[in-house]
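Note sheet for the following structure.
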């Protein structure tokens, strides 16, 4: 179980770190300031697009692109463990993942198409996604049901001749606000009378298809996260070709499972990067700011707080690396146990570190003057996105208990 | 130590509860929707003003007004314990406190003027504040220093003939965004060479005085809290009459201490009301929503989570009532020990309850569809507003240890 | 809701505090040292008995006796709130409760007899218990079943002519090790075919009845708690008169419920007294001991730790007093909700305070040189004695949710 | 950073696990039952010695011996990472470590002699220790000073001709109760006027030297841990030869630091093994015991509790392995940072897991019927043995902050 940085990935980590520090972070504020200048917060200004596409062009030119394609013959063919070190770096800036074409939900969507798509589907959707020419969304969660139990998902798709006719509502369609978002992968019910886990399918639905209404952006603690957005979308008799079906009727859960593993762990990797940046900010603050005649670091419990953050980050990172290693080395089912663990641990840890960092900063910590508040709200959604903590804990406990059920007390 | 609801306050609680439920809450959404319609988010629309002033007029007409004037001959002459029950009710809606002219920072500012103001100052500022005709702000915190140690406050006021000439910056001036805000009570340095606790004074500065620039609204987790606002303000050679000084030169801390006690506990009372509403929302959700074939309440640890929230609310409420009783019955110095306790406990408890409630709601919990996210961000600022947790804990420990210093081990 | 110390109880608290400080605590070490000197750790030496009976005689002579008889015409007729202040004092020494004839399990057993006993039963058992002449045990828990669900209790009692014939095993019979323990109140199954809650009865069984074998003392973290003891007892064809039945066949749960409320809250009151003593010890240590050139109190997070302990004690005490007030003022069913709350809160709080105090003491904290380790192990058992935390939390949540089931979301 | 089980250590882990399961654990109860049968609890019966020496002889015969000699040319030459897997197994039974001659404090003492001893010292003390023929103790902590700051250590050693004359008191001398314990490594002050860190030396003192009085065993939560024992020892004019000095005058801290690193991490490794056994017991209990008509595992928060335990164990193990890897691959100073981290994390985690397991077991959990209570008390002492948590956290924070002091805010 080699969890260190491999010789192969070490220079990549350096390159990615340098580019984020020298080229991405310096543009953060300008990018932020552009939001809304086009009138509609979800219409991007030319400058906004230039910033993003400029960064992407630079990264692509240096072949710093699509690192997430792990275990693949395309690109670098990194292991998941190797990618973890890169993703952590990308966590430090909210523009970084897209710069390297490694951002959610595109990476997960690309995995779906690569793994389950037909050649035609790949040509149409995967190619431009891999090239960073378009973006995509994944439509899963619905407002009227507890989507933590995905069998509740109810948007219906009925075959009418050569077309699926789709009706229902989705929300938290992340990235669907972006004008460059061209395709939705949509979980829906195609076979309502089948067994519970055979009712659902996934279908490609091009953004802008007739019958689609983007009702509103969902707000996260008051923020619309424009222009990315987490959109609430209505489908009214939306028609798409029969061939837009992915993998097969009733195989929606199979597709979902294939998609969710990597997506979950990528979120965790980036969360660790955020925690590192938050701890760095906390330490810098503690080492410079003064109150009551002392540096903050020399007051009260601040040494203890900093030590606890360091220890929790280390443990979460190691667990994340182990989960990554499992993805590289054991079956998907076995790895799921580890992904569930890190999915609970990483966001919670990062929330704690960011919260402590905010507290060390006082008012500045919750304001626009530090990246901490934005980090916190994003991380908070991770505690239920891709499955709430409770569901993942249940999964972990089940695996644990399976070894003992019907075995009796200790021999 | 009578901590129950007195016979006198019981009907008032009923009235306040009913008015909030029947008249205030139903206008919340409309009020929210108005924000920004005037173009500038800090310019209120006529409808916005009508909503607020209409509610105030109704409350005033029923004599449901200025309840916060505890231990006073004016108004109801409630005890702090009695007021606690009313303030808790007001915590349930963010429009409620203003409806009854009980909102921060006005109540604290009015206390200052009533207690320390000259008759002329009272006539000019207290009267319209008591009548709800104007609003006010309290300018304390500064961006360039750790204001948790208030001796760091540095905005300077130099006497030049009959005028104070003021220079410096303040931020987190809550309420200063409101166009109805007409007066700032401003902590400043008038005697830089005096003893550390004798350097500061408080001065009335009318909003809009020449030399004042409102630089920007501070954001709280991305929200500007318009039109109330937490403003960042620059003073450049701002001139105000000599008589605008409160109480006397070098007595700024004396004034601050008188102001902060009640303000701190009022925040806590309302925090408890917010926690109650969050728990109610959590229970309603748990009792209706279904996943995995069960009501949410019947899944996993949800019974335990709900029980813990109930117990923590009860304990925090009792501690808050005891602190209120102390304010009514012991010296300010002794009561401070209790206020520090509840100032640490109440926001933390409420944050926890709201966080659990958000988690039970999934995506809806962090969105605009429930009041939870707004509650959370507001409560989060309470952990450093009016003194960060660490400072209050230090205060509590000091009182505790004083009994044992130089006493040796147990006899 | 008056939760303060009443004028009536104030002098009693002073008296009790003084007697514990001046007469009970000074004998603690000598009493401890006697244990085991008689050879059998459960055979008390003359000196041991003299210490206990001497203290009792003194207390009785001063009429400091049977304070626990709340709401009764006998004795002081204290309210439960008043008694709470006395019980807290008694928590400070492990010999104190018995000194005043206020110790578990006797108080609970006396309540049972007073409330449900026949005159003959009262004459035989209650009188000597009230007089402190004998002691008693309560036999509930069994080794072979999860007794947290009391319907599992299985020791059988079969009527054979005028006698009950009893067979089965009990453990954790606290106090049954004491040679002065003369009577067991025993929960058993008399009507196995009845409804689940009508199968059990409670029967008086004199200690030493033929067929009873005391198998062993249960150890608590390695301690046998001699001579009190928590005994594991076997019943083999134990015969007692038919009239030893309490209240009636199948009414075992009714009796149990009447018994448990007061017993639970008394434990909590004493736990708070223990926490106070632990905090005092921690502060004395922190204020005297030096390391790294400073007093311990001035190192690291120690101020914060002390402050947290103070705040948690205050909150738990207030909740305990509120639960006591409920016992005095509302129905038993309503009060149960509050007793469940404090039953979860008080032991957990006290464990935390004692644990922090141990940590401040280093090695001494877990050793025989401070009372902390003994406190900790005793308190730890309270987290499942008289119902584990999980069962009480369930109770609290149930009451909470009842208000919302079938009510839908917030109106 | 390879943290997995190497091919070399895999079969050893299997062998150790099998021997513990098949030969050590089955003798645990008999061994326990022997304690005290010789009258004096610290005098071992023949059977007791036979059990221990029998196990040792078997292990030695199979060459399962002195695994702890990491990075050494003697024995297996395992890495610390490899040894971690073995030590974890040994954590599962309290007789296991001694069986393989891997128990504290002998391993630490042997390291000291191997690293710093003269050939004569090695011949006299190291040889029989490596052979398992004698045992040893390490005398550091003193009752009258805060020994968490080791510069406080005050037992004096004055050179008088060719002899050191030693006076003072030590306590918590673990293992000094064992009649087979023949040598004490003793930290003392030889140069009281030197610089603070140059005052102390370490000296070999044979057990039983004239002037030594073993005052009493310290109790840990009431247990004397006989026959191992944690002894309180007085030195009155104890004379030992000048050559018993280790390494050199004033080099006591140098010796201590060399000793403590491995000792601390070995404790942590075993703590993880204990946690694993506690979790296993909890799961077995949860999967078999019934209450309220359900298996315990299907009640309340038990799934969540089990999942949290699994996740915390995994993280602590990974951190422990990383600290071990650091010991193998970086300087002692750098590794210290990691050892401090795991020293805080592992005991805390294990205490939590054992506590939850106890709660799942109810009364049985704190009693002699499970190994949990004994585990808990042992683990609790680890939170201050070899440095209290606070000191280790301080160490971790210092390393963290060093990177930022005088660096200012984020560039």
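Letters A, B, C and D mark the chains in the order given here, with residues in each chain numbered from 1 onward.
Convention: contacts are C-beta pairs under 8 Å (C-beta built on N, C-alpha and C of every residue); 3 or more make two chains touch, one makes a residue touch a chain.
Protein identities per chain, from UniProt: A, B, C, D = Acyl-CoA dehydrogenase.
Just so it is clear, the structure is predicted and the values come from calculations on it, not from any experiment.
Undergrad: Rounded to the nearest 5 degrees, what is the angle of the rotation relating the C-alpha atoms of chain A (Acyl-CoA dehydrogenase) to those of chain D (Acyl-CoA dehydrogenase)?
TA: Between chain A (Acyl-CoA dehydrogenase) and chain D (Acyl-CoA dehydrogenase), the superposition angle is 180 degrees.
Undergrad: Which pair wins on C-beta contacts, C-D or B-D?
TA: Ranking C-D and B-D by C-beta contacts puts C-D first.
Undergrad: Whole-Å distance, chain A (Acyl-CoA dehydrogenase) centre to chain D (Acyl-CoA dehydrogenase) centre, using C-alpha means?
TA: 43
Undergrad: What whole-Å value do you get for the distance between chain C (Acyl-CoA dehydrogenase) and chain D (Acyl-CoA dehydrogenase) if each is reduced to the mean of its CA atoms?
TA: 37
Undergrad: Where the CA atoms of chain B (Acyl-CoA dehydrogenase) average out and where those of chain D (Acyl-CoA dehydrogenase) average out, how many Å apart are those spots?
TA: 52
Undergrad: Residues of chain C (Acyl-CoA dehydrogenase) that touch two or more other chains: which are they?
TA: 300-304, 390, 393-394
Undergrad: Which positions of chain D (Acyl-CoA dehydrogenase) touch chain B (Acyl-CoA dehydrogenase) when the two form their complex?
TA: 300-301, 303-304
Undergrad: Along chain C (Acyl-CoA dehydrogenase), where are the residues that touch chain B (Acyl-CoA dehydrogenase) in the complex?
TA: 1-5, 279-281, 283-288, 297, 302-304, 306-308, 310-311, 314-316, 318-319, 322, 341, 344-345, 390, 392-398, 400-401, 403-410
Undergrad: Hey, which residues of chain A (Acyl-CoA dehydrogenase) end up touching chain B (Acyl-CoA dehydrogenase) in the complex?
TA: 141, 143, 146-149, 152, 171-172, 218-223, 230, 289-292, 296, 299-302, 358-359, 362-368, 373-374, 376-377, 380-381, 383-385, 388-390, 393-394
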